[in-house]
Structures are given as C-alpha cells and as structure tokens.
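Listed below are the structures to be examined.
In what comes next, chain A is part of two complexes: it sits with chain B in the first one and with chain C in the second one.
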Partner chain A sequence: MGRIVLKNIRKAFDAVEVIHGVDLEIKEGELVVFVGPSGCGKSTLLRLIAGLDTPTSGSIEIDGRDVTKAGAADRGLAMVFQSYALYPHMTVRQNLSFGLENQRMPKAEIAARVDEAARMLEIDELLGRRPTQLSGGQRQRVAIGRAIVRNPTAFLLDEPLSNLDAELRGTMRAELSALHARLSTTMIYVTHDQVEAMTLADRIVVLRKGVIEQVDTPLNLYNKPQNLFVAGFIGAPNMNFFKVEVKSGKAELPGGAQIAVVHEGPVTLGLRPQHLRLAQPEERAIAAEVFLIESLGAETVLHANVEGAGQIITVLDGQLDIARGAPIRLAFDDANLHAFDAAGQRIG
Partner chain B sequence: MNAVRNFVFARRGRAGKWHWTDIVTWIWLIGGTIIMFGPALWLISSSFKGPAQLAEFPPTLLPYVQEVAKVEGYDAPLPLYQVTQEDGSTRVMAEIRRIGTSAQMVDPANPEERVSVRLTDRQPVREVGLAINNYTDPFLAFDFMRYLGNSVFVTVMATLLTLLTNSMAAFALSKYRFKGRDAVMLLIVATLMVPLSVILVPLYSVVSSVGLLNSLWGVILPTIATPTGVFLLRQYMLTIPDELIEAARMDHASEWQIYWRIILPLAAPALAVLAIFSVVWRWNDFLWPLIVLSRRELYTLQIGLNTYAGELNVQWHYILAMTVVTMIPVVLVFIFLQRFITTGIAGAGIK
Partner chain C sequence: MPLVLIARGLDPVLRLWQRCTGTGGMITFFLLPNMAIFGVFVIIPLVLNIIYSMTGGVDILLKDRSFIGLGQYGRLLECQDYLVSTTCREDQFWTAVRNTGTFVLFQVSLMVCVSMITALILNRKIAGRGFFRAVFFFPVLLSPVVVGLIWRWILQRQGLMNLIVTQLGFDPVVWLNDRFFAFSAAIGVSTWAHMGFYTLILLAGLQAIPKDLYEAAEMDATPASRVFWRITLPLLGPNLAVVLVLALIRGVQIFDEAYVLTGGGPGTSTLFITQYIYEVGFASFLRNPGLAAAASILMGLVLVVLTLIQLGLSRRAEKGNAR
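Take a look at the complex of A and B:
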C-alpha cells in the first residue's frame, strides 16, 4: 500500500504554467525527497498529490486507483504542513483526534490511537495543552502525530523542519528517519535542505522550474549528476566548474593540466571541492592564489582565484597553515572529474 | 501608588514647568471625560430624582429626597420644610396643603395649631437619597416585564441569526474562490450606503405581504443581514491561515464542519465585536419596530417607553429611570463579550 504514480502532471495558475509535465513513480514504503530551489514547484507538486489542488492535466494514481478527481480526504494521505497548521483553539488531544472523529471512529479506538501515537512521539504529557503552549519542536511532533493517528497510505511532508533551529533539526531528522523505518509507510518529503535530502531519502527528486531534472538515490546523484544543474545543486560547497574546449579528445585545464575527454567542442568540467588536494611538487595540478581561508577545525575551506578561470573552492582535511595571498597547487584524480556538454548534459 | 501618580502627572515640560502640550493634554482629557461620562452620569443621578427636583433650576448634582414626618391627625406622612419666621428664627414645619402662593403648615410637635406660610419663606428639608419609586412604580404600573421580554427576544434572536448568517456569508466570501466573488462583496458593502429611511416603504410592503406585520419576527428578520457584519467578519477571516482549512480538509472534515469547528471558534473575537454591535443596534432600534408593531403587547422597550412618555404629561422621572434600566443589558453584554475581543489567536497554531 502506498504506491503513487504521477503521469504527465501539468499545473497552471491562471495562465502561468508552473509544473511542466512531471512523470514519477513512487514505490511502496519508499521515502522520496523533493528538492530544488525556492519556487521550483515542490509544494505545488505535493499539494497536487495531496488533493488540495487539481492538476490542469495528467493523472495521479494511488495503489492503482486513479484519484486525479478525488478530494483530499478520499485519498487516504496525511500531510504535515510547513507551518504545522495545528488548530490553535484545540488541545493537542483534540488536534490529534479531530480527523478520526470526522471519520466517525468509535471513541475508545480514537483514544487508543491517540495515546499510542503520543507515546511513540513522546508527547503524552502535552495532550492537555494548546499549540500556543508548545515549543517549536513539540508543535512539530504534534503535527506529525496528527498525521500518524490517521494511519495513512502515505505521508506528505512539506518542509517540516524548516522552522526549527539547527540542532533540533538534526534530532528531528533522525527521529523522522527512525519513524519511517518503523512504520515503513510511503513518505514524500519536501525540503530545500540538501543534508536532509541526502540523509533521509531512499530516492531524491531534483526539481527545477517545474521540471524533474533527475531522480536517483542520494549517492548516485552525488557521484553521477546527470546535468550541470544537479551537479551544481547537490553537494556543499558547490562544485567547481571550468569551461574548456576539447580538441581531438584532449582538454587543457587552467594551469596547463591536460586531460582526456570523449567529446569534441565546448565542454564544462566539474570538480567537487572535496576531491581536490594539495599537489606534490611534480604532480599535474591547477595553480591558484588563496584569497579566503575558512578554518572549521576538522577541515579547512580555501577560496582561491585561478588565473583566467574564475574561482575555485577546496575543502581540505585538518588545519592548514596557509596565508591569504599564498599560491597553491591543487591536484585531482581523473575519476572524480565530471564532464558536461554544451547543452549541460553529462558526458560518459 | 507612587508610580501611578508619577505616570498620571508626568509632564513634558522640564523642572516643574508646564509645556503647552501638557495644558492641551489636560484640557483635552478632562474635557473628553466630561463629554463622554457627563450625560451618562447625569442620566443616572437624575433617574433617582423626584419630579419636583427634576423641574428645579439650577439643577442639583446629586439626587435628594425631601424628609417627611408622621404628624398626629394626618394619615399620610407630611413633607418637612425649614420655615423662616418673622423674627428671623427658623423652625421645621410640615406642610398640610398648598394654597396659591402660601401653604398651610403645622408644627409636628404641636399638631393643633395651623399656620399659613408664604412659599418664599420656606426651604424644603432634604437629604441625599434615592427616589427608588422611579424604578419600582413602572415595574408595577407599566407593562415593563412584557416589553422587556419582547426586547430580549428580538435582541437575542436577531443577534444569533445575524452572527450565523453573516459568518456563513463571510466564510464563503473569504475562503472560497468563485466567479463573481468580489462583485458580490462589493454589492454587499455598497448597501452600507443605503439608509433605512430609503428602503422603509418597500421593506414595509414586503413584510406586510409575507404577513409579518405585528409579529416580532417581522422586526427580527429584515435586520439580520448586515453589510457591516459581513464585512467585519470577512476581513477577520481573511487573517485565518488557509493551511488550517486545508489541514482540516485532509482530516476528513466536511465544509460544514470546517465552518463550525474551525472558522467559527477562530473568528470569536470578530464575532464578539459583531455581537456587541448587534445587541446595541437591536436593543435600541426604534423606527422599524414602531412601524411593524402596532399591538401594545408586542411593543419592545423602546416603543413602550415612547408611548409612556406620550400619556397625559411627560413623566420624566419614570422615563429617566427606565432609560437607565434599558441601558443595563447593553452594558452587561459589552462587559461580558469584551473578554473575547483579544486578537491574534488564529495565527497561534502557525509558526
């Protein structure tokens, strides 16, 4: 239970189309994360799945049933809103039981389900309080609890952690992950936080301007980005890009390093900051001049200028004794190079 | 206590000097207080004065009652006066009756001897006291309880129906998107500009043709749809986040349940404001009930009071007292409902 299939979904608000034909299949029990820059249509897509909006064209199937025209309540899904959307005039218990009461469930069963969810989320002591008397993290749990008690076929979560501070976000992320492991219910999770996406997801859907750029497991996205956008979007700090000309299978990087590329013409080469290291004296390398050093303790981030090719960012292990303005030489392995053609698609 | 004094007497002028704004502020505030509270206080204090005292000029600030004494040989207690005698001394005497510009009076200690005293030579003996019978008489004589009942019925029913219909309209106009929504809203608000007197005649013929003349429902029904109420509630409901409604929809709530269990409780502050307005409007309504109701037993307080004023001569002491009584419910409603006029709980579940 919980297989969701989107077929050529399009959505327009008035005349403006914001989702341009999305095809996606979400397997049963999978945790799928939608990521993408602000305004790319993540929330819109989620709301279409939830039934809060109807697509302009295309169809949505849940467990083989076409629900495109079905109302939000008839899809058996539960949603956790970014703002939590707890009913402010009801206690936590009433918030949790509201949906069940509307389904005319017997009182005893409602109480049992609410108590179980409350125990699972450790909010049993808060059941008598109102949302205003809760902290952000507690509200978050109540919002998740409201989804859990319904026993939905799938959970839809729209940036559920974005209102929390960094530390709480970390713990809640772990809890959500544990929750998914325990319930093994399908979850669709929207975020623009890469760490959340990478740590939580079974598969990540990268969206840009209403189009799916790539759907894959987190590590595949990181190791084999299908295009320039995904390459630049996944991974922090962002990938370094160099525009080069490939002539008879060879390209020259700034600083004179020669590399082989199976392509002809203009190509963009990408190198993750983590894949660069300080070069040995004789090694093939990119020469640069440091202009900013960020010492984080465990690692050091160097921002450097490469002559004629813009900036390069490197993440090096440990603490380094490098002064601003110092020249450095950065080496890399060919295996870590990503190459993209003029249209931005991956080569090889 | 000191802090309060410091706050109240704080001045903008330095070192004990008065800045001109201090003076303006004091004049403005004191003047405002007098203008706001003066009439109400005058009304309350006058409602406790007897008819003679009301006619006095200059008027007194506090209500007084004339002292009376029981004099042997007279059944009713007689009013007491301070009489100035020819030799300049004064003594307290009781009045038996007035004859022209003089009065027949008697010394309570010596009931046999009657004296004639000129009206100008005497002063009534009075003490601060309340003419309670201003209040009690109408309750007994005048059909006060029935009028009160009618007024309460009209006010309560009209207010409940106003809240119900207006909040439903406001819900639809604030939370649904449909063609012509803004036009409908504009139309409703536009009716604010049509005064009752303009639609009085058509309204009368409508009410008459549906047979609601001389019925309290004829007073209630035409008043329940108020543009002010719809506008007020809609503006408030616009501030209730749509996500709450969407969450409720995901929670299997029907549109009716969303209205009843989410929107209404969250719009409580605006509903309280509208309830206060509606109670005041309906309670004080005069013209429309006067037109619809012509049978005495259906009169509301305001009309009852008016006819009471018309009988024989104007009995101001009763009218003033009854006016005070009619004010009480409105004040109570305000005191009770103003607790709900706290804003911003709707946003509380939303971070």
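Take a look at the complex of A and C:
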C-alpha cells in the first residue's frame, strides 16, 4: 500500500502554468524527496498529491485508484505542514485525536492510538499541554504524531524541519529516517535543503520551474547528474564549471591542462570542489590564485581566481597554511570530470 | 509661513521648558492640550454630574440647588416590585431600564449573529466581495440621525414599506404606531446601522486564522460544521468577545437613531434609558437635573463594568495573539 503514480500532471494558476506535465511513480514504502530551488513547484506538486489543490490536467493514482477528482479527505493521506498547523486551542491529545474523532472511531481505540504514537515519538509527557507551551521540536513531533495516528497510506511532509535550528534539524532528520524505517510507509518529503534530501531519501526528485530534471538515488544524482542544473544544485559547495572547446577529442582546461572528451564543439566541464587536490610539482593542474580561505577545522575551503575562467572552489582536508593571494595548483582525476554538451545534457 | 513663525516663537519657550523639566516634562508639554480638552469635556462634567446627582430642585445653577445626599438615587431605586415598573416611584425610569434590557438582549444577539454570518460570507471568495464589504460597511459612516430619518421615511404610513405591502395586495400597516413593530424596527435599524463595524472586527479575526489550520482539518476529513464549531469559533473567541461587549455598551447607550425613528413611542414602548435621562434633565416641563444626573451615573456604572470586561478581553486577545 502506498504506490503513487502521477501521469502528465499540469497545474496552472489563472494563465500561469507552474507544473508542466510531471510523470512520476513512487513505489510502496519508498521515501521520496522533492527538492529544488524556491518556486520550482515542489510544494505545489505535494499539495496536488494531497488533494489540497486540483491539477489542471493529468491524473493521480494511489494504489491503482484514480484520485484526481477525490477530495483530500478521501485519499487516505496524512500531511505534516511546514508551520505544523497544530490547533492552538487544543491540547496535544486533542490535536492527535481530532482526525480520528472525525472518523467516529471508538474512544478507546482513539486513546490507544494516541498513546502509542505519543510513546513512539516520546511526547507522552506532553499530552496535556497546548502547542503554545511546546518547543519547536516538540511541536514538530506532535505534528508528525497527528499524521501517524491516522495510519495513512502515505505521509506527505512539506519542509517539516525548516523552522527548527540547525542542531535540532539534525536530530529530527535522524529520527524521521528511523521512523520511516520502522513504519515502512510511503513518504513524500519536500525540502530545499539538499543535505536533508541526500540523507533521508531513497530517491530524490529534482525539480526546476515545474519540470522534473532528474529522479534518482542520492548517490547517482551526486555521481551522475544528468544535466548542468542537477550538477550545480546537488553538492555543496556548488560544482565548478569551465566552458571549453573540444577539438579532435581533446580539450584544454584553464592553465593548459589537456583532457580527453568524447564530443566535439563547445562543452561545459564540471568538477566538484571535493574532487580537487593540491597538485604535486610534475602533475597536470589548474593554476589559480587564492582570494578567500574558510578554515572549518576538519577541512579548508579555498576560493580562488583562475585566469580567464572565473572562480574555482575547492574543499581540502585538514587545516592548511595558505595566505590570501597565494598561487596554488589544483589537480584532479579524469574519472571525476563531468561533461555537458551545449544544451546542458550529460555526455557519456 | 505662519506655522514657521509660530514654531520660531515657541522654540525658546520649549528649550527653556526642557531645560527646567527634562524629557519627562516635554512629554507632559505635548500631552497637555489633549489632557486639557479631556479635562474640560470629560472630567469636569463628570465631577459636576456627581455633584448634581446629590442635589435637588429644578434650578440649573448649582448655587441655587440644595444638597440632598443620595436622595435622587433613593428615589430612582425605590420600588415595591422591581419586575413591575408601575410599583416604582420613578416608573418611567424602570420602564426605560426594562426596555433597554430587552433591546440589548435582542439587538446584541441579532447583531452578533448577523455580523458573524456576514463576516463568514465576506471571508469566502465570492464575486464582488469588495463591493459587498463596502455595502455592509457604508451605514456605519452615516450619522445616526440620518439613519433614523431614512428608516422613518421608509416605515411611515405613506412610506416605501407600505408601498411594497400594498403592491403585494395587503392593507398598509402603521409600523411605528405598533408597539411590537416599533420596538422591532428600533432593533433592526440599529443593527443595520452598526453591523458593518462589528463585521469588520470579525472579518479581521477570520483572516487572522492561519489557512493551514483549515487545510489540516481538510486532511483530517473534518465536516464543515465541525470545522466551524471546533476551529473557527474557538479561534474567533477573543474577537467575538470584544464584539459582544462593544455591542452591549452601544446597546445600553441606544438613543439617537431610535429617538429620531420612534421618539420613544408609541407610549413608552421604545423609551430607553438615555432618552429618559435626556427628557428628565432637559426636555420635560418639570425638568429634574439631579434625577437625570443620578440616572446617568447609574448607567455610567453599568458601562464602566462592561468597559472593564471589554478591556480584560482585549488584553487576553492581545496575549493570545502575542503567543
């Protein structure tokens, strides 16, 4: 239970189309993360699946049933909102049991479900409190609890951690992952935070301007981005790009380094900052001049200018004694190079 | 140019004042004009009213009046059976109290219900929403006397209402000469004139309820009626309480539009407390300023209690919003 299929989904608000024909299949029990920059349509897509908005065209199936025209209540889904959307005048227990009361469930069963969810989320001490008396993390747990008690076909989570501080976000991320492993229920998770996407997802859906750019596992997205947008979006700091001209299967990188590319004409080459290292004297390398040093303790991030090719960022292990303005030479392995054609699509 | 000259002229005075009194003194300086107006038009009349309520006679000037202590209050409150106004020494006062109480009960209930329904409708995405909001709010901008006159013309013997009634084949009704219709008209007209204001307060409250709470309720498969009773109404509680108390205060003070509409009649069926005070103090042949002052102090006490309740509720609402 929990297989969700989107077929050619389009959504327009008045004359503006924001989702342009999305096709997607989410498998039973899968944790799929929608990720993309602001305005890419990830939350809109989630709301279409939830039934809070209706698609302009296309269809949505849940477990083989066409629910395109069905209301939110008839889809068997539960949603965790970015703002938590807890009823402020109700206690935690009332918040958790509200949806079950709507189903006219016997009181004893409601109490049992609420108690079980509260135990699972370690909020059983908070059942008598109101949302205003809870911390951000506790509210988040209650919001998840409210979804859990309904025993839904799938969970929809709309940027659920974005209102938490960095430390709590890390803790809650791990808890959500453990919760998914325990419940094995389908989860669709919307975020703009790629760390959340990479750590939580079975598969990631990368969206841009209402179009799916790539759907794949986190590591495949990182290792084999299908286009320039995905390559630039996934990974932090962003991938370094160089525009080169390939002639007779050879391209010259800034600084004169030669590489082989199976393509002819203009090509964009990409190198992740983590895949650059300080070169040995005899090694092929890119020459640059450091203009910013970020010492993070375990690693050092260098921002440098490459003559005629803009800026380059590299992440190097450990603490380095490099001064601003110092010349550096950065080496790389050809296996870590990503090449994209003039249309921005991956080559090879 | 004259303003510049005034400012230049005041500048040395202000500088001297600030040097002598400091920043605190400047605050007093700027508040002084308003405090003076408040004192002249509120504090002094209030003190005079209390003094008048303890004096007897028909003379207006205080020096001509005799001190009788709480005699006027005793006269107003002297009753064999408070539920039967004819057994009271000042039966018209008690008739006015009963009429005002009845008016407040029905008018406030009607006002809250109508304002609530209007606010709920105007909060939905309906065609011409802006136009309808203006239509409902427009009567608030009218002078109460104008409101009274408009409705008197509509309800008089040859008025618009009777034109409609006769067109429908019925006999004309002398609406304002019938006790029941006149009282109902006072309630209806007052509600029509002021509901825009209360609708606005409730509309603001409705719009302050986060949209995602309704979406959460939708995901929870909550029926519309349950959404209203379990989500909208509790969250609108502070606004509703403010509306209730403000409408109560306004209801107790009812005078102008009702007076223009019915003149207190037929008989004393629409005689309200403020009209009683006005007539006893200024309009009747045997005017009694002391009795009117005592009645207004008693009404003032009721209003003070209601205002304190309103303040308490407003503060509670503010605290709720701050959370």
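Here is the rule we use: the second predicted complex is superposed on the first by the 348 of 348 C-alpha atoms of A that agree within 3 Å, B and C clash if a C-alpha of one lies under 4 Å from a C-alpha of the other, contacts with A are read in each partner's own complex, and residues count from 1 in each chain.
The working rule: a contact is a pair of C-beta atoms (placed from the backbone, for glycine too) under 8 Å apart; a residue touches a chain by one contact, two chains touch by 3 or more.
Here the structure is a predicted model, which means the values were calculated and not measured.
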Problem set entry | Fit or clash between chain C and chain B when superposed on chain A | clash
Exercise. Is A:Gly344 in contact with chain B, with chain C, with both, or with neither (first, second, both, neither)?
Worked result: neither
Exercise. In the superposed arrangement, does A:Ala50 touch chain B (first), chain C (second), both or neither?
Worked result: both
Exercise. When the two structures are overlaid on chain A, which partner does A:Gly29 contact: first (chain B), second (chain C), both, or neither?
Worked result: neither
Exercise. First (chain B), second (chain C), both or neither: which does A:Ala73 touch?
Worked result: both
For this session: Could you tell me if A:Gly136 is touching chain B, chain C, both of them or neither one (first, second, both, neither)?
Result: first
Problem set entry | First, second, both or neither for A:Phe98, with chain B first and chain C second | both
Exercise. Which of the two partners, first being chain B and second being chain C, lies in contact with A:Phe81: first, second, both, or neither?
Worked result: both
For this session: Answer with first, second, both or neither: which of chain B and chain C does A:His89 touch in the superposed model?
Result: both
Problem set entry | Superposition clash, chain B against chain C - the stretch among 73-81, 91-99, 109-117 or 181-189 that is involved | 181-189
For this session: Would you please give the residues of chain A that touch chain B in one complex and also touch chain C in the other complex?
Result: 50, 52, 71-73, 77-79, 81, 83, 85-89, 98-99, 102-103, 132, 146, 150
For this session: Would you pull the chain B residues touching chain A in the complex into a rising list?
Result: 241, 243-244, 246-254, 257, 261-262, 265-266, 268, 345-351
Seminar exercise, completed: Residue set of chain C touching chain A in the complex reads 210, 212-213, 215-223, 226, 230-231, 234-235, 237, 323
Seminar exercise, completed: The residues of chain A that touch chain B in their complex are 50, 52, 71-73, 77-79, 81, 83-89, 98-99, 102-103, 130-132, 136, 139, 146, 150, 163
Problem set entry | Interfacial residue positions of chain A with respect to chain C in the complex | 50-52, 71-74, 77-79, 81-83, 85-89, 98-99, 102-103, 132, 146, 150
